[in-house]
Amino acid sequence: MKLTLKIWRQAGPDAKGAMVDYPIDGISEDMSFLEMLDVLNDKLIREGQDPVAFDHDCREGICGMCSLYINGRPHGPERHITTCQLHMRKFKDGDTIYVEPWRSAAFPVIKDLAVDRGAFDRIQAAGGFVSVNTMGNLVDANALPVPKAHSDKAFDAAACIGCGACVAACPNGSAMLFVSAKVSQYALLPQGRPEAKERALNMVEQMDAEGFGNCTNIGACSIECPKDISLENIARLNREYLVAEMTKES
Amino acid sequence: MARQGLFGSSLIKKYWMALTGLFLISFLVVHAAVNAMIYFNDGGVTFNKWAHFMGTNLIIRTMEIVLFLGLILHVVDGIILTRQNRAARPTRYAYSQPNANSKWYSRSMAILGILILLFLIVHLWHFWVPSRHIVGSLEPYGVDAAGQDNLFALMQLVFSNPVPVVIYVLGCFALFWHLLHGFKSAFQSLGLNHRRYNGLIAGVGTAFSIIVPVLFASMPVSMYLGLVK
Amino acid sequence: MSIPDSKVPEGPIEKKWTLHKEHLRLVNPANKRRIDVIVVGTGLAGASAAASLAEMGYNVKSFCFQDSARRAHSIAAQGGINAAKNYPNDGDSVYRLFYDTLKGGDYRAREANTWRLAEVSANIIDQCVAQGVPFARDYGGLLDNRSFGGAQVSRTFYARGQTGQQLLLGAYSALMRQVGKGKVKMYDRHEMLDLVVVGGKARGIIARNLVTGKIERHGAHAVLLCTGGYGNVFFLSTNAMGSNVTAAWKAHKRGAFMANPCYTQIHPTCIPVSGTHQSKLTLMSESLRNDGRIWVPKKIEDAKAIQEGRKKGRDIAEEDRDYYLERRYPAFGNLVPRDVASRAAKERCDAGFGVNRTGEAVFLDFASAIERYGKVEANVHHIENPSKEKIRELGMKVVSAKYGNLFDMYENITGDNPYEHPMMIYPAVHYTMGGLWVDYNLMSSIPNMYVLGEANFSDHGANRLGASALMQGLADGYFVIPYTIADQLADDIRTGPIPTNTPEFDEAEKNVRGRIDQLMNIKGTEPVDHFHRRLGKVMWDKCGMARNDKGLREAIEEIRKIREDFWKNVRVPGKADAFNQELEKAGRVADFLELGELMCMDALHRSESCGGHFREESQTEEGEALRKDDQFAYVAAWEWKGDPGKEEMHKEILKFEALKLSQRSYK
């Protein structure tokens, strides 16, 4: 397979970036997209050029580290997979492929295609937890039954891998799908209820402070989410937050 | 930087957008109902009667102020949202395929809103300004068969010219797209999303988005074609 | 230096941990605030330890090389986590979990550690549920269990196929809570490049900020390595691309013993290698073996035809198929433990019966499961005399509901539809049971340095049972280290902050900078991956599932040559003081090139078959693995002596008080 890659190159956080063309040959359809980039980097290194920086780790679609905007879509053309799960058989010989980093004010570029998603960690630290210490003397796990339906929905929300494709896809650069998935997981479980209000308020406050855009219910986030997180979660966050805002004590 | 106050967080802005949007939708129902009186085809007598009522009833006049406030809030909120959303993506994508994951009108609420606002200014200038005696009055258009102020005649005059007719029809198109996203979206913003009712909300929303603008657009067209006299 | 005391407490095995906890020294809450702890790694062990210690009051600095703590490779564990809860009332107990784990590990684990693991297993589930981990539940709202990896009881808790993810996100949420409170300072995109030992105690680390390239000094009263396994020494493994041995190896070079490094777990159900470009291997959940039947052709000419693409799996008639696991192990069949299944696949493929282009794959076939489920469904729906197509259709629905996501994943990677054609699988490196030596308190041979989770030589012996890795990571982090670390840190309540402007830190930083400069200045011709691939091939061929004396001796020579070549010809582009992924890789591969040799030395001296390792010279007449308890019932702990070839071995003799050693049989 012979391809033309158009890749965003940016030397550092403050450097000016540009799209650069790279012709590449000898790509097998069994390769994953990232293996194709490995081949490119191998070539660049041998030619004495700087290889393309991109984030990746598990290469099996669960760690959430890979993050490429491929041919105009986060994680490429296929639904419900991450970039590392995208294989070259989805492309044709002679294709031109655009590869860009996530674009968001809250995700500054570190180098080339690697961005800083620390904003997600800070949102999590603002309230994405149940305030329970490691306990020496525990309550039995089955002491508190959880309706299966709630537990299943909580799992659906908890499946989020924090990759940031929702932000990358959203024309507004909103992080609502990510935040709502976390808020929903805990809102649906009895363990998370005691802090539900503070959680919704604090996580949204942090989300806004990070410079993400506002959600206007466009829905691109959910379509592009590799884990198929539903817009229902955003509605749930809207509800949780509304109640919290209207009944908060201070 | 935490965002405080009336427009507080991103979610509070969202609630305002939804609430004012739904309020404006309720106004559209009333407005369309009153205007539809022209289809009695009685030389505007029924229509003028209701128009007079709308222009003089104290409750309605009070609501008119609330309506303007709601509209202003909707517009200002929209401007703030749009500005922040643009700032959230300082570098654009070199190549993007947004149609693969969303509808163009969902992404274009701001531009559709501006078009509707421009149309609204023309529309208010045509009818609301004279009927409320702000600049001029309805006097030049005489009275109808029942001796009432003749707003109907003014409509006939305006819509005898094809230019306003086209502007009004285009305005209704903008309204259609705006509603097609806005109606459903308001429910989602307020957290009203349930698998059981989502279909219903979407169905009613689509029907509303079609019926109301079609009804509005039919008026200048039928007047221009002389179907309503 | 001789091997330190393992500090296994006296007393009957079921009382050891309780008695030990009661006699450990404590640090009072006010004094905990004066003590700093460094935790390297944010997987299950690291995140749970960092969060727990911060909750108790210690000042914690947490490091990970990923861009977020949430991405540590624990996240990729699919199957589940064992716990002796006995919810299903099927006779499980701490003793049985202990017994299964110790026996499954071929009696090469430290008995007291394994018991403790089983003992605290139940607490883990309680803790995780309290944190909001969405485990699978039944319709009554209670937790669901399944049987896993051939266990005879249902003791595995799971969250669909993403148990590791959910447990890690639970631990990560606890960690982030402490980050929000300022009790943990998070250093992501940082890599530990050396351990600083002051006065014989671990007192800090040298880390590289991977974004800026800055070399940083961090002092602390104790250092916890929770850095996972070193399976990537094989280049191809199910590990994440970044998983590495560097932190552990640096500690080893500073005096920490490396124990049983040759104990590698080979997982039987991975997607086979498709070509030379391959960067990693993908695991298919072991649960597939519950319904899939494993086979290769009986006739060599059929195998040849398949390898050459002239025939497909389904062209082979039923009577010409060799369901070799069912044939060899009628009692357990396709559910034999991982090591047995892996070895059997290799045996068939080595004999020429492999079923893909490379000859290194076997079939995992769901046709009979589809038929079996289809018939049941037909009965359930009262369909009289269903056609073959109808049965197939109904059966496919059931199989899809159970394994749909795995089948999709398989098709996505291979481009082959597993409903139509039998799946192809082959064993791959998955987990390393070996690791840094620790005593019962999880302290290494360097005082004040602790090793948790997969990074230590662990409680699994020579083979790990399914759903036990998650258990160990969390047991160490939540329920062991919070107790045992205080015993050591009680000495440090008056020490005060550890200064980093001392000669020891100077020396360590100089060492790190020197190595980086050396790598940058080779300016050779070959990228890092080139050497890593070569190393991986040697390791897989000669120190993989089956080993022999000759091969291992060759491997040691070959690895030395590759290492020499690496230090002459590697090309690391870019700059050292910037984001430089090739430099990161180069440092890691340089360490793998040393570790690989030690693994081969360890494998060479252990001339018995045990766990995942089939030593060709040590087999029964039927070709089964032969363990030699009289010679090898010990932990081989290696001490660095300045060069990989000069490592010195120490033995910790394993004493078994609660269990009698017996040969495993799955016939």
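The chains carry the letters A, B and C, assigned in the order they are written, with residues numbered from 1 in each.
One rule holds for everything that comes next: a residue touches a chain if its C-beta (ideal position, glycine included) is under 8 Å from a C-beta of that chain, and two chains touch if they have at least 3 such contacts.
In this text, all values refer to a predicted model and were calculated from it rather than measured experimentally.
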{"item": "Chain of greatest Cα-centre distance to chain B", "value": "C"}
{"item": "More contacts between chains, A-B or A-C", "value": "A-C"}
{"item": "Distance-to-centre winner among chains (Cα means, whole assembly as reference)", "value": "A"}
{"item": "Distance from chain C to chain B - Cα centre to Cα centre, in angstrom", "value": "62"}
{"item": "CA centroid of chain A to CA centroid of chain C, Å", "value": "26"}
{"item": "Centroid distance [mean C-alpha coordinates] between chain B and chain A, Å", "value": "37"}
{"item": "Residue ranges of chain A touching chain B (in the complex, touch as defined)", "value": "6, 8, 17, 19, 69, 71-73, 77, 98, 100, 103-106, 169, 171-174, 176, 204-205, 207-209, 211-220, 223-224, 231-232, 234-242, 245"}
{"item": "Parts of chain C lying in touch with chain A, wherever the complex brings them together", "value": "48, 51-52, 55, 66-73, 75-76, 85, 87, 123, 125-132, 134-143, 159-160, 162, 165-166, 169, 172-174, 176-177, 179-180, 186, 188, 211, 238, 240-242, 274-275, 277-280, 282-283, 409, 412-415, 478-479, 482, 525-527, 529, 571, 573-574, 578-579, 581-582"}
{"item": "Touching residues (chain side chain B, partner chain A) in the complex", "value": "1-3, 8-15, 17, 81, 84-85, 87-98, 100-103, 106-107, 109, 181, 184-185, 188-193, 195"}
{"item": "Chain C partner contacts - residues on chain A that touch it in the complex", "value": "12, 28-32, 34-35, 38-39, 41-42, 44-46, 48-51, 53, 55-65, 78, 81, 85, 87, 89, 110-111, 114, 116-118, 120-121, 124-135, 138-142, 144-148, 151-152, 154-155, 158-159, 161-162, 185-186, 189, 191-192"}
